[in-house]
Amino acid sequence: MAEEVTGSSPPAKSNGRRRGDGVFRSMTTGSSLVIVVSIGLIGLFLLIQAVPSLNANNINFFTSPEWATGEVGNLRFGIRDLLVVTVLSSLLALAIAMPLAMGIALFLTHYLQPKLARPFAYVIDLLAAVPSIVFGLWGAKVLGPALEPVATFLNENLAWVPLFSDGNVSLSGGGNIFTAGIVLSIMILPIITAVSREVFRQTPVMQIEGALALGATRWEMIRTTVLPFGRSGYIAGSMLGLGRALGETVAVLIILRSATSSSTFSFFDGGYTFASKIASAAPEFSEPLSTGAYIAAGLVLFVFTFAVNALARYVAGRGKAKAS
Amino acid sequence: MTATLTDPNRPAQAPAFQKISPARQFKNYLAMTLMGLAFLVAVVPLVWLLFTVVSNGYSALVNGDWWSKSLKGVLPEQFAGGVYHALYGSIMQALVCALIAVPIGILTAVYLVEYGNNGRFARLTTFMVDILSGVPSIVAALFVFALWVTTFGFETSAFAVSLALVLLMLPVVVRSTEEMLRLVPDELREASYALGVPKWKTIVKIVLPTALSGIVTGVMLATARVMGETAPVLVLVGYSRSINFDIFGGNMASLPLLIYNELLNPEEAGQLRVWGAALTLILLIMFFNLVATVISRFSAIKTK
Amino acid sequence: MAKRFDIKDLNIYYGKFHAVNSVNLAVPPRNVTAFIGPSGCGKSTVLRSLNRMHEVIPGARVEGKVLLDGEDIYASNVDPVEVRRTIGMVFQRPNPFPTMSIRDNVVAGLRLAGVKNKKHLDEVAERSLRGANLWNEVKDRLDRPGGGLSGGQQQRLCIARAIAVQPDVLLMDEPCSALDPISTLAIEDLITELKKEYTIVIVTHNMQQAARVSDQTAFFNLLGVGQPGQLIEVDDTEKIFSNPGQKATEDYISGRFG
């Protein structure tokens, strides 16, 4: 047995040790299993509880702008407007945040000296530490009113562009997608910047030096080496930001005004996103069938963000494969 | 080039450096300016927001009652009471969440780094962690509602909130721990094995302690993050103006929930409470972030 | 304490790759055996298989027998953890545990095996540090982190740590390759000391070192790219360095190698 081999060593406890290893290994595997299973459960549970309500729905779930779940006998709910508001506000956020994030990430990685880059990067990270309800508060009470003249100007002068035409809420106070999108862009800026910074920094030094040695200016060097190298990471980071924007709840809930008519595909609409709609109704989650309607909306949001994140992962993975 | 050679007016000596054409130079400066501007554009809202919150909220915080009293019996228009009950709720919910999420998260990271061998299950886990990190907080809250309240029949409570927060905290803990564990050099593991230390003990006594400061940093950052979450508290627990110590039953305030409810209060006192609570929440989160930064300085792993 | 090794028909694979072919070798007790040979010929691989450290690498496996005083360390009822307690190892780069003090580093093996008696641990720490010729240099700073020592001191600390668990055999994989000549000399002296009590196997790329410290030298070689490494010959160190039996050995030692 083991004892004979070990000779002078303390008596062998090989069985105990083997058991310790087995137990610990099972614990770690079990924990991973918890995570894997819980994702599955999220989808499953949302589906199970959404299906009865979807079956009881009297109008088309995907194409109707109506949302009336008060009467259990006559459920009428559709996600068209939720989808429009969610997508419009998130895309506006992305359109603002993407160029800014690229500029900041390049500034931090290739313009500032490393010594300064650290505190400067910390400033951007501070944005991520501000809780979303505070963003909402600031957006609704400070930024929205401040943006009102800008919104009015855009509405008056660019009304022929559908996105800037009259919305379904009044411009005063700024409780529209325009304000929400701008606040969302600030909220997703840190994550896009952080991911881009990481990939831009990893640009092979050899390529950088090669470009500089050819007499390229700093900007030419960036355009020929850093940007191509970091592109897929930058896009993946932007997708992650988009995922955040799609799912943001309370900031949007506080900022957007509820509208009485349905969406007009304008930045000056009010209304609800998926997330803010669900949160707004949370205190009345008692009747399973009407709750199910919100869960159905949640399920769509889940699938949506799942797809966006999976895409981000795919893009990032492809970039990595190309780089190595 | 040849033109220069035949140019009778060319200087006796060629200039030491070739000049960059003005257009190129202009583009270079333009790019630099735009990037610096992008940074400034991002700083403006940060400063603006912080200034707003501080200037509107600080007068609420200087009152001693703010930290030691709840809003029990305080009238909407009254400047009185404090957020002690909400502070308790915020910290408690985050703590209970951390108590569940940290062990699971760390063990999962250990599995991924030490046992997974990048096998099929490990890759599946990594994928799921990625997906989980993208799950919006409102979806996590809905799931817990569907599971804990609708299916199991429990009432809404602070604990339900913590469960939803676990889903949001897990991916952060797994990722940061995984990253730290991968930084621990294999040589340390081998040194331990060569001393006849079993694998699990090597992990528990050598690998984890070596990565400890990084892991704690990640946990603190994750805790700070879940403290600011509002969606789960909106869905999973009712608001209370007085203190409730019971995490398994009854309504319980938290800072985000207090802000959300007081927003409906049009009185000046309500507005002051809103900004005061917002400032308190920011300070709480900053505190955790700061601690995390300090701890990360004490790393046992030397990175160059 | 010291035990003898008998390696019989040892083949080692990394997945499908056949890394080492059919090694037969006897390592007598209280004796230093040096492994020499060109890079990639499998010296480290053989060394690691002597205390089953290769099992840490996914896909690595061995065929054949390694007998320690007649007991096969690969027998199915033998726990690799016990094997490693009996056969210590010192690595190419010093690797003290960064979270532990000097003293804790030395007694790490015992503490992790559950020994709690403080007095006993302190005694072992002193004895091992003396054994590793490090005591005088660190006795005033036993509570300071082990990472604060110089490279040579760290390596001796690692040797102290290895001998603190009182193994029967010490395996050393290029223990001096990261050190300066003076530290190297200190370690070589230490090896000469240690061989009174331990069976030692050392891998080295330094011919002089092999000649200075070892009693027996094993020369490994590669027959070609993608071919497994082979044990070409093993003999008394004096014989290998003055009058080797194989032409390849002579070429390698005299530096006339491809």
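The first chain written gets the first letter, and so on, giving A, B and C; residue counts start at 1 in each chain.
Here, a residue touches a chain if its C-beta (ideal position, glycine included) is under 8 Å from a C-beta of that chain, and two chains touch if they have at least 3 such contacts.
On a predicted model such as this, the values are computed, not experimentally measured, just so you know.
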Exercise for the section: Please list the single chain whose C-alpha centre lies closest to the global protein C-alpha centre. Expected result: B
Completion exercise
Max Cα-centre separation from chain A goes to chain C
Exercise for the section: Determine the centre-to-centre distance between chain B and chain C, using the mean Cα coordinates as centres, and give it in whole Å. Expected result: 47
Problem - Centroid distance [mean C-alpha coordinates] between chain B and chain A, Å - result: 14
Completion exercise
When centres are defined as mean Cα positions, the distance from chain A to chain C in whole Å is 53
Handout entry: Sequence positions of chain B contacting 2 or more other chains
Key = 196, 198, 201
Exercise for the section: Enumerate the residues of chain C that touch no fewer than two other chains. Expected result: 81-83, 85-86, 113, 165
Problem - Per-residue multi-chain contacts in chain A, two or more chains - result: 9, 17
Completion exercise
Listed in rising order, chain B residues that touch chain C in their complex are 117, 185, 187-198, 201-202, 205-206, 209-210, 212, 300-302
Handout entry: chain B partner contacts - residues on chain A that touch it in the complex
Key = 9, 17, 20-21, 23-25, 27-32, 34-36, 38-39, 41-42, 45-46, 48-49, 99-104, 106-108, 111, 120, 123-124, 126-127, 129-135, 137-138, 141-143, 186, 189, 193, 215, 217-220, 222, 240, 243-244, 246-250, 254, 274-275, 278-279, 282-283, 285, 288, 291, 294-295, 298, 301-302, 305-306, 308-310, 312-313
Exercise for the section: Note which residues of chain B are touching chain A in the complex, please. Expected result: 18, 20, 24-25, 27-28, 30-32, 34-39, 41-43, 45-46, 48-49, 52-53, 103-105, 107-108, 110-112, 114-116, 121-122, 124-125, 127-143, 145-147, 149-151, 167, 170, 174, 196, 198-201, 203-204, 224, 227-231, 234-235, 238, 256, 259-260, 263, 274-275, 278, 281-282, 285-286, 289
Fill in the blank from the handout: Within their complex, chain C touches chain B through residues 51, 53, 56, 58, 81-86, 88-89, 91, 93, 95-99, 108-109, 112-113, 147, 158, 161-162, 165
